[in-house]
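Here the chain labels run A, B, C and D in written order, and each chain numbers its own residues starting at 1.
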Amino acid sequence: MPLTGQDVGKHNSRESCWVIVHGKAYDVTEFLPEHPGGPKIILKYAGKDATEEFDPIHPPDTLDKYLDKSKHLGPVDMSTVEKEERVESPEERERQEHIARMPILEQCYNLMDFEAVARKVMKKTAWAYYSSGADDEITMRENHSAFHKIWFRPRILVDVEKVDFSTTMLGTKVDIPFYVTATALGKLGNPEGEVVLTRAAKKHNVIQMIPTLASCSFDEIVDAAEGDQVQWLQLYVNKDREITKKIVQHAERRGCKGLFITVDAPQLGRREKDMRSKFTDVGSNVQAGSEVDKSQGAARAISSFIDPALSWKDIPWFKSITKMPIILKGVQRVEDVLLAVEAGVHGVVLSNHGGRQLDFARSGIEVLAEVMPVLRERGWDKRIEIYIDGGVRRATDIIKALCLGAKGVGIGRPFLFAMSAYGQPGVDRAMQLLKDEMEMNMRLIGCSSVDQLNPTLVDTRGLSMHTATVPVDTLGQTAYEPLVNPKEKAKL
Amino acid sequence: MPLTGQDVGKHNSRESCWVIVHGKAYDVTEFLPEHPGGPKIILKYAGKDATEEFDPIHPPDTLDKYLDKSKHLGPVDMSTVEKEERVESPEERERQEHIARMPILEQCYNLMDFEAVARKVMKKTAWAYYSSGADDEITMRENHSAFHKIWFRPRILVDVEKVDFSTTMLGTKVDIPFYVTATALGKLGNPEGEVVLTRAAKKHNVIQMIPTLASCSFDEIVDAAEGDQVQWLQLYVNKDREITKKIVQHAERRGCKGLFITVDAPQLGRREKDMRSKFTDVGSNVQAGSEVDKSQGAARAISSFIDPALSWKDIPWFKSITKMPIILKGVQRVEDVLLAVEAGVHGVVLSNHGGRQLDFARSGIEVLAEVMPVLRERGWDKRIEIYIDGGVRRATDIIKALCLGAKGVGIGRPFLFAMSAYGQPGVDRAMQLLKDEMEMNMRLIGCSSVDQLNPTLVDTRGLSMHTATVPVDTLGQTAYEPLVNPKEKAKL
Amino acid sequence: MPLTGQDVGKHNSRESCWVIVHGKAYDVTEFLPEHPGGPKIILKYAGKDATEEFDPIHPPDTLDKYLDKSKHLGPVDMSTVEKEERVESPEERERQEHIARMPILEQCYNLMDFEAVARKVMKKTAWAYYSSGADDEITMRENHSAFHKIWFRPRILVDVEKVDFSTTMLGTKVDIPFYVTATALGKLGNPEGEVVLTRAAKKHNVIQMIPTLASCSFDEIVDAAEGDQVQWLQLYVNKDREITKKIVQHAERRGCKGLFITVDAPQLGRREKDMRSKFTDVGSNVQAGSEVDKSQGAARAISSFIDPALSWKDIPWFKSITKMPIILKGVQRVEDVLLAVEAGVHGVVLSNHGGRQLDFARSGIEVLAEVMPVLRERGWDKRIEIYIDGGVRRATDIIKALCLGAKGVGIGRPFLFAMSAYGQPGVDRAMQLLKDEMEMNMRLIGCSSVDQLNPTLVDTRGLSMHTATVPVDTLGQTAYEPLVNPKEKAKL
Amino acid sequence: MPLTGQDVGKHNSRESCWVIVHGKAYDVTEFLPEHPGGPKIILKYAGKDATEEFDPIHPPDTLDKYLDKSKHLGPVDMSTVEKEERVESPEERERQEHIARMPILEQCYNLMDFEAVARKVMKKTAWAYYSSGADDEITMRENHSAFHKIWFRPRILVDVEKVDFSTTMLGTKVDIPFYVTATALGKLGNPEGEVVLTRAAKKHNVIQMIPTLASCSFDEIVDAAEGDQVQWLQLYVNKDREITKKIVQHAERRGCKGLFITVDAPQLGRREKDMRSKFTDVGSNVQAGSEVDKSQGAARAISSFIDPALSWKDIPWFKSITKMPIILKGVQRVEDVLLAVEAGVHGVVLSNHGGRQLDFARSGIEVLAEVMPVLRERGWDKRIEIYIDGGVRRATDIIKALCLGAKGVGIGRPFLFAMSAYGQPGVDRAMQLLKDEMEMNMRLIGCSSVDQLNPTLVDTRGLSMHTATVPVDTLGQTAYEPLVNPKEKAKL
């Protein structure tokens, strides 16, 4: 006989805490102190149905993996569980209105358009998690503006009737030189999560990088791939290397063709927009009394396992446990690219983690312009594949990266926003728009294939001038009170 | 006996599609799939009078040229054709109000003023077609800002009582060193179309370049010229070279004095403002059902014939079919100017097509500053005439270009806007304003004739610094959500 | 027996045009076509009292000098002249309200404050004449921003108890290194006109430069000087050199100590804000019918006599007619400073005429930084005194100019604005504020006298970067329509 | 028998002026002309209770120190003193509303947040004193923006599990490389004043620098320290050196471990926002009649004793009167750092006094980048400790300073704002946030201790480009009237 809502409802305290997830009850009393996101967020659902909050943050196999079977209390008769009547907040009401008035998909003409729509129709906390960056978000914004410092020197009178912008990445033939880079918590944007991206990547023949922190389980994402569709694995290295080993070898067995080890995140960043988003209903917090709220946004909650001690010494071990090509994701200066070559890895991604880690880290495209001449000078430019990610929004951005020597670029947030607003058709259209732009702009720059792209086609003189287009320091500006001219007397 | 509205009205489907244009009926059923702008736009007028939509996009000889005589169904008794009652949109009502309150012509003091007025009084789609640029419109805006990076080093105490700013272009004496460059679809702005510009050019003794994609037919524009008025031909090269040959040789016979071959447009650009403008009444589109709308704005609709395979190899052929001087329009780097000299053409226009093709192409004035020193070093600066276009709005812009070595500059949009707002008097005043500014500023820079203009009169140190005045990335900015300081509690 | 209002009122046409000025009638019928400001502005007052419009534009001796005695018709019984009932415009009503609520003088803490107040309380046309600049007013605004590109390298631990910032200019001891530069039409701002500035200059022991185009007559301004107060003469050179000679020699006789020949204005500039200001009541203009309005703002109206043929060849003649030191006002490049030294003049003012002539002329302070090293290299820096004007608003601006080698700076508009808003106490306070700032900042830079100011105290690396702080192109920006993200569907 | 309110109330004029402070009456008639802040501010309270105005500006021992005992009139029966009924201004009402709705402390995520909150809840005059800077406040704002011109070149794959960011300053071990720098008038922000900062500094084990112009007395601040807590003394040098000697030797006796002599303030700056704040109720001022108001904001009132004659010659004397290490606070160019080394002092603070003294002084971080290479070249970099202050708001700012060679940074205003808004918990949280950021960012830059920070970790190419991110010239911008496009006719 299944449990009833009333049964579960009695266990609504720190002393005895049961929760319902997907129609089953679990006793998490002992687990509370171990919960990476803190006990408080669980206690909010003590004795209640937590499914909605649980889903986007946890892959479906989480409870099986991490909660002892003895704590699995079995099915609940959901008809006996009281539905919480939610009072719709004005904010939510406004969001619903935005959803009702969403532009049709055909009105999105570029990748920024999806972001503008998503911002209005996504839940506030989800939007905050996806869109936030480190500190003042200056690196986050610099990532895109950096491309605006590069101008073209196009060739004319070249036969560009047939334009072929396919290329290869780590040996895989792709239709266009971008891949879907790893981003966490896909179900925040779409109930199906990352598999939506898998299907779109298949359709456009590009590679998807599977994130460690996906909402879907790794196997779900691999299962969603079709035919010879290629996927890579993004890896946060666990303090417990055995777990890491298991993950890597499982991925290799399941056919992953590249291991991208994240090296720019010994600890996941402080993203204030994300942190701030949880204070929407401040009232409750005030009553928290002496118990200080330790939670620091979604990012910190899900990443406590990451090993900050990871170092160059670990690279040989990775080479010993897998045959997949190894790529370091998050390299940020030429000195470290040289070390990477010497360490014998197959590639690097010049990346600052989408501006979500160290603010004032330079953009991938700028580091690329620093790296390639040094590699070429040493004759090392063929010994390693260089990728960049961060801020790519236009085919011209991709072309600029390839002109400067990148093998390809990773794109993350734009597809998340397209998925959040329009589901798979959104991602499909986003990719198609990039292809349309790509064909057009390859023609306009006077190249009919990607191997013709070269440094003489771009003017990068402005690239190193950080000061010039430093994005506005919003916080500082709103905090600063401008000088004023003398005030008139008050009206009598 | 003429057809009646009822007769035509029956043929209102894809299966049998008749339309009325200028009081005559045409059977376009078979033509539907061949229509460069897609069948959908025609079907909207199936069984109806399409004149108003037809006119600005098609020269009057279009139907005679492209539709078999057998499909010309003869005159319609227009009194029997039901007038569509248009419900005036709030947008249109607002526009009519703007028209009623238009500033008088004398209040326009500079070329930007015409644009500001035109923006309010033009039909939205027409404005979108004229004003739009590629992608983020950064090159489009850079074109004018680039002039702002050049400052003057004027001479004093020079006798400037008499100032002569006439010059010659390809051997033709002109009163002021600009020409009216080619722009498409003049009837979007004025029912008479490009002939308005012809008359104004005559009045001010400047050269008009006749566009391939004019709303008026080529012959109408030539016929509108008076006396020894000089015109040039702008050419989009057709995939079918025989058509191109016919056009070129016809132009030469009719007296054209220069052949400007467009080389920066193997494919006409994606201009999102233009594309977006067709979604004013979204409702209808939603019902389109499964039929995806392929139309991509006016630009793409009218340009499918352009040959993307055009290359340097074609230049000798052009020299073989005409004696007109040949000028390459749209050259964008010094390497290609050198190739042009070697190919034996008479001139180049350093241009990025008004920012309507490749975004992040550099401005003509910047490329000029790169080109001239190289030409002078080789002693080639007299072997070719260098023109620029894009962003010219002030006589000081013209003077800057001439100081740097240009023979003259092309001006396009400003005259379109002046024509759209005020008709020929508008264009006339725009040209007169340029002459007034020219006289004033020649005096102030201390030169009494254009041959005195030279590089020591300008300070171009800031010209190559793209980052500094990169125009704002509007899309990105409106999409980005700024950080916020903590919010106050809600009012109780 | 005096004339009556009725008598005069009959002569209200082009055929017979009388006007009343200061209680006397004049027959200006024959003078109409010769009037530098055009006949139209006079005809507006045909048969009426024109005093109010006449006064600020014409020195009181104008009618005596330029209208034949036979046209002086004698006194009018003003009690018989109908007072025009003016309907107060909403604009004027608003202005009156601003006047009622003006901040008290003590609330003005810097020179910008006076401008902010004046803008609200001045008549629109007067404000337009004073505040306007050439074309896009980019040079006008650059003048002040240029100072913002220069930063200090102050010295510490220097005894600055006593700070002496007096200096000499052309041999005259002054209390602070600025002079009141020449500005036209002082009565637009204050009914007393330029003599207000004379008195304030006396009080603060600084030199006043008397403008050719003053509202007061030259003699009135000289008469207003007290004791050994020093004045200079600013000269627009007349096409008729005899007139010029008379002016110069009269000035020398009356004690002027310097002759500043304006060399940057062969023709007075087009200032669109000024031109635009006359269209406040557009209605009347519309009825003008066929007669095109030729007037181009106050500036053009008053300057038709200026000789555009003035050249280096004229300098010896000036030296032959006067013993006053000769200074060229409006030099704008180092080449011309060298010519000036060779021509044997005593000084130059590096100036662009307050941004009112050639737009994109560089700021005086930037030209100064170009000029001084060249002079020093040749050992010519003691052979000539270098002044600058334009954009000076702070004592730090003055200090920067002196560090770079200027002997002093001219300040114009700020005193006009102070006078327009607060009369002489305003000018007095403005000068006192500069002295307060000067004492403070001399201390803070670590110098106790002006001869200690030197180039090592400033960091000018940013000075030549025009692109960086190019003031915003307002016209272009308001004319440009930003891209937009997709629009939501209309509300149902 | 104590005095009554009526007794005191009779002495309400310049001729006989008594005031009540903390329940005691004082006869200040003879003191009036000597009051550094001018007599007027005292006369406002003649015959009344002045405690509230007195407190933040004067340390509690002021009256004992500076007013002869004979003028101490003894206790007042406060029940007989009439309470002034204050009419609450709309401004004050708004402020009270802001206080009621203040965000909870946990919603402050960075140091700018405290400023944003403080701005709304502080009294206007207090806010004006703390937040104001010199002239156009361009240096004040540049201080923070200068950090934005420096970007990181982080290392990856470095073991950063344990991060230690403690360091030493003048031999004292501190937990994090900042100290609480001296700021005046702490009671303007919090009734307890500077001791709040003392307690917070203890809690986080950082050093507090005690200001000469504190609201608390020096001894109160020292008394508030606990255990071996280290404090430094900031010194404005008095014209009367005996007073200075007494202060210094007293500080040494009480255990201060460093003497920071302010060298950038021979006179305290003009801060217009501060000066302007006193005109809130302009009415009263208007009635001031002939007596001109000389007061110039709080800064000038409290600083008249500072000796502008202080010079390098005084340094040996300081070394003779104390054994504390001597540090010059306010050095602004490399030449003076070299002099400081030669003078044998122990350190310098590269500082522009928080932008409150000389506008257009360069930021400390920029001067640091100029200074360190010169010191290293001479091998002098170990002979002196270099500190900077000004604009530090983020741990990344601290890291940048240390990378460039600073020993530590001073932070002032942010703690004042935190204290003003939230009292000690605010300061505590502000310091904790810096520690959180510090740990995160040390990891992200790839360093586990501060001695690993070095110049290769930063990209400073943009640091010297003042023009690029010159903060906006607010006053100039609001004063300037933008050009406008032609106006439409008025609506009929």
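Definition applied: contacts are C-beta pairs under 8 Å (C-beta built on N, C-alpha and C of every residue); 3 or more make two chains touch, one makes a residue touch a chain.
Small disclaimer: the values here were computed from a predicted structure and weren't measured.
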- Note on the structure: Per the C-alpha fit, the turn needed to bring chain A onto chain C (nearest 5 degrees) is 180
- Message: Regarding the chain A and chain B pair, does the interface count as same (over half of residue numbers shared) or different (under half shared)?
- Response: different
- Taking each chain's centre as the mean of its CA atoms, how far is chain B from chain D in angstrom? 60
- In whole angstrom, what separates the CA-based centres of chain C and chain D? 42
- Message: Touching at least two other chains at once: which residues of chain D meet that condition?
- Response: 103, 107, 109, 112-113, 116, 136, 272, 276, 279, 282, 465, 468, 475, 478-479, 485-487, 489
- Task: Would you pull the chain B residues touching chain A in the complex into a rising list?
- Result: 135-136, 138, 263-267, 269-270, 272, 275-276, 279, 282, 285-286, 292-293, 307-312, 314-315, 328, 330-333, 335-336, 339, 357-362, 464-468, 470, 473, 475-476, 478-487, 489
- Task: Could you please specify the touching residues of chain C with respect to chain D in the complex?
- Result: 103-104, 106-107, 109-110, 112-113, 115-116, 119, 127, 131, 136-137, 141, 144-145, 148-161, 272-273, 276, 279, 282, 393-394, 396, 400, 436-437, 440-441, 443-445, 456, 459, 461-463, 465, 468-469, 474-475, 478-479
